[in-house]
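Next come two complexes, and both contain chain A; in the first it sits with chain B, in the second with chain C.
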Partner chain A sequence: MTPHIGDSYAERNARERAQALLDPGTFREVLGPFARLRSPYLAAQGVAAQSDDGVVVARGTLGGERACVLATDGRFLGGAIGEIGGAKIAASLELARRDAERGTPTRVVLAFDSGGIRLQEANLGLLAIAEICDAVVALRAHQPVVAVIAGRVGVYGGMSIVTALCNEVIVTEGARIGLNGPDVVETEAGADEFDASNRPLVWKATGGRRRFAQGHATALVADDMPDIRAAVEEAFARNRSFVAIAHPDFPDPALEREAFLRAYGVTP
Partner chain B sequence: MIETLTFTYPASARVARRAHVGVVASGNCELLLEPSPEPCASVTVRTSVGGYATTWEAVLARFFARHSIAVRLEIDDFGATPAVVAMRLEQALEQAR
Partner chain C sequence: MNEERSRGRAWFERFASGGVRVEGLPASVLAADAPLEGLPVRWIAVVPAPQARFPRARAGEMGIDEAFGVAAAVRGAPAGSAIVALVDVPGQAFGIREEAIGLQRALAASADAYVRARRSGHPVAALIVGKAISGAFLAHGMQAGWIGALDDPGIDVHVMSESAVARVTRMQRDDLARIASEVPATARDIASFARLGAIDALFEVADPQAPAEEEYAVVARALSAALRDGSGVRPPIDRLGRAAAIQTRALARRVRADLAAGWDG
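For the complex of A and B:
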């Protein structure tokens, strides 16, 4: 019997994942390695920088429609987001929103594999995540935003928040989604509370199957490229009659200000 | 701190296109290789592991002795061993040819 050799998503790097998600032959990278957009903050901290800052912005088509895949490289600093990589993602999302407003929508797929904010860039990483969250919410008013979480890292920290904002989240069993990483929980609460070296426990608590059962993911698929591509197609098809509504959790700034002042007992 | 090293080797052969290989991950390195109009190979290495200039020189000199290609090469290194560097160099050349 011939063994089934899977066409794994997890085994691909970020660039190859974006390529495999887009329609064959349509992949075109924007601000790729030769743009040499390295982080200017890492060298001073003794950390080697990467020419794409760990983020791949890929244009092409998906199901024949204009598309943009934003993929993070989990191998470089755990796929953590710094100023440049974050700006590449936020700006792409903002351009997609502009496309939607002009009536020429661009499908967006977030192929994240990321530990969250890059600690070496601290506040700049926090700001980048805030901008990305803002941009996802703004884009979501026009079209569905689809996330594929199927890499070796998963998404943690701020990137798990960005993922939670997406309309569709496709996961595999090997994927993980969590706010605090296992090691952080163990450090804060003790090994009795959560043993980060216990891999079955980590996946039982934060793995793709669990997150799907909890409703944090909208599709659970095998780590096989055809299955993942089909799930992405289905995610867009499910939202074909997408009705754009402002999210009730994000009211307009005036109402938000009023609520804030009321909550803190301040009379405007 | 990051150590920056530069090397130059006389070279004449052309490569067809630029190449990007590797990743800045532990024990690995990223290479950007581009054709150069100058009659030499100019190399910039940025490494997070200091004190290995002679090892870099040995690996690069051997590669450019075998392949006299006029290129501009940048290497961002996160502790790749000489064997990994040699493999990445060959991989970049394979893509650039």
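For the complex of A and C:
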């Protein structure tokens, strides 16, 4: 668990992460920045667009096998999904399924770092996430779908649902997985419910270590490129079927908030 | 909101009151098997339940118990049965208990159940009778092959509640309304959602909580037809091909075509 300074995954941008996950020298981007697919909805709302819409579709090989890494850029609007980025992910998953049906499978790694659906494109993002959920389940019938959640944002909203549909979820201690971000819970329910400024609590309740202990993540690794790459290769080698998500055990929800958390092993 | 008068409960009772209730579900999840014009159908609705175990999931939200309850109801649908999601969900539950347990897993469980049911041949339809917000809608309704909705101002389709959008964006309602008129994807009304090609049928109903006999008959006939004609097993990606989506989702369509062209280099 000792991080090797200088080879952090989290410090790389989305494109560099995809490059580092693929076998050296095999990275090829499809619909990259020069395709100039910019969201027209952002400009209309006074927000600067980005010419890859914050999603990198990277082809190449992984462990010598055909592969595709789908990486979201957490530095661009929190990695949130709009029409273009959502379509890139959904279409790639569909193509990977077509490849599997043709007997030329393409490994898929979801390198997500995303706050969820982009508010400025709202229902277009919602429609895309529904397509992505369906496509992950359909692809899973052929091969494992592997998620790497190791960025600064983590995954929230619709993207946390997609992550939960994957066969394998690789996390670091710095990663967070939740449905509602702590700030959103605080906004909706008040700071008495969830104080978003209490960073230790956020990580104790929703961080990578916690999610691994709960069985929501299948591997907990250091923020170190070789470790993450090894975990991805192991995940494909295990070739594990999807384990149906079961209703978990938890303390009595009627317990007062702090008592509930303590009983659940989250020291507030 | 009065528990007895939630729209989800009203429509559930209209369609399924004579059916066989599915036992073992939380009070907030209604499920029953009741035929529609002779076709076996499992009807599922999420309703407010003041006695629900989780304090943040008592007003009809999709919480831990609701989402796992819906998943169980879907997984348990009898062979040969169609499934109809009656959608009136104001959103997911916002609470620290939910986040610590992992609400995303619960919503994934029900989304997964709907996808697998549809992909294994159960026709799945959704009827939006009230709110259809965000993660709750993703988990209960959006995986249907066919989606109908009431053409009613009380319908609200969005990724966040209206009050939360106002807080998060720090914009006034007037500004949000202006943006919604310029960018229909950010609008909340059902007509705007239909313009994205996501709605297969709209129904006019004078009182959404108590449809008149002839109004109900129109909805029932359309649902029955959709569950029999193959519409219920279509994957969500098919919505991109609907006439209404040609213009409004032109970018997504272009991405799909260009990506396929460049996939193998």
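One rule holds for everything that comes next: the second predicted complex is superposed on the first by the 234 of 268 C-alpha atoms of A that agree within 3 Å, B and C clash if a C-alpha of one lies under 4 Å from a C-alpha of the other, contacts with A are read in each partner's own complex, and residues count from 1 in each chain.
In this text, a residue touches a chain if its C-beta (ideal position, glycine included) is under 8 Å from a C-beta of that chain, and two chains touch if they have at least 3 such contacts.
Just so it is clear, the structure is predicted and the values come from calculations on it, not from any experiment.
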| item | value |
| --- | --- |
| Side-by-side fit of chain B and chain C on chain A, or clash | fit |
| Touched partner set for A:Gln19, first chain B, second chain C, both or neither | neither |
| Chain B versus chain C as contact partner of A:Glu83, first or second or both or neither | second |
| Greater residue coverage of chain A in the superposed arrangement, chain B or chain C | C |
| Which superposed partner A:Ser114 touches (first chain B, second chain C, both, neither) | neither |
| First, second, both or neither for A:Ala122, with chain B first and chain C second | second |
| Partner chain(s) touched by A:Val185 [first = chain B, second = chain C, both, neither] | second |
| After fitting on chain A: smallest Cα gap, chain B-chain C, Å | 12 |
| Interface residues of chain A shared between complexes with chain B and chain C | 44 |
| Touching residues on chain A, where the partner in the complex is chain C | 28, 30-31, 35, 37, 39-41, 44-45, 57, 59, 83-84, 86-88, 90-92, 94-95, 116-117, 119-131, 133-135, 137-138, 141, 157-158, 160-165, 177-180, 182, 184-185, 187-189, 193-194, 205-206, 210-211, 214, 216, 244-248, 250, 252-254, 257, 260-261, 264, 266 |
| Touch list for chain B against partner chain A, complex | 1-2, 18, 20, 23-25, 28, 30, 32, 34, 46-48, 74, 76-78 |
| Residue numbers on chain C that touch chain A, as the complex places them | 53-56, 64, 68, 71-72, 92, 94-109, 111-112, 115-116, 119, 134-135, 137-139, 142-143, 157-161, 164-165, 167-169, 179, 182-183, 185-187, 192-193, 196, 198, 235-237, 239-240, 249, 251-256, 258-260, 262-263, 265 |
| In the complex with chain B, residue positions of chain A that touch it | 13, 32-34, 36, 38, 42-44, 46-51, 73, 75-77 |
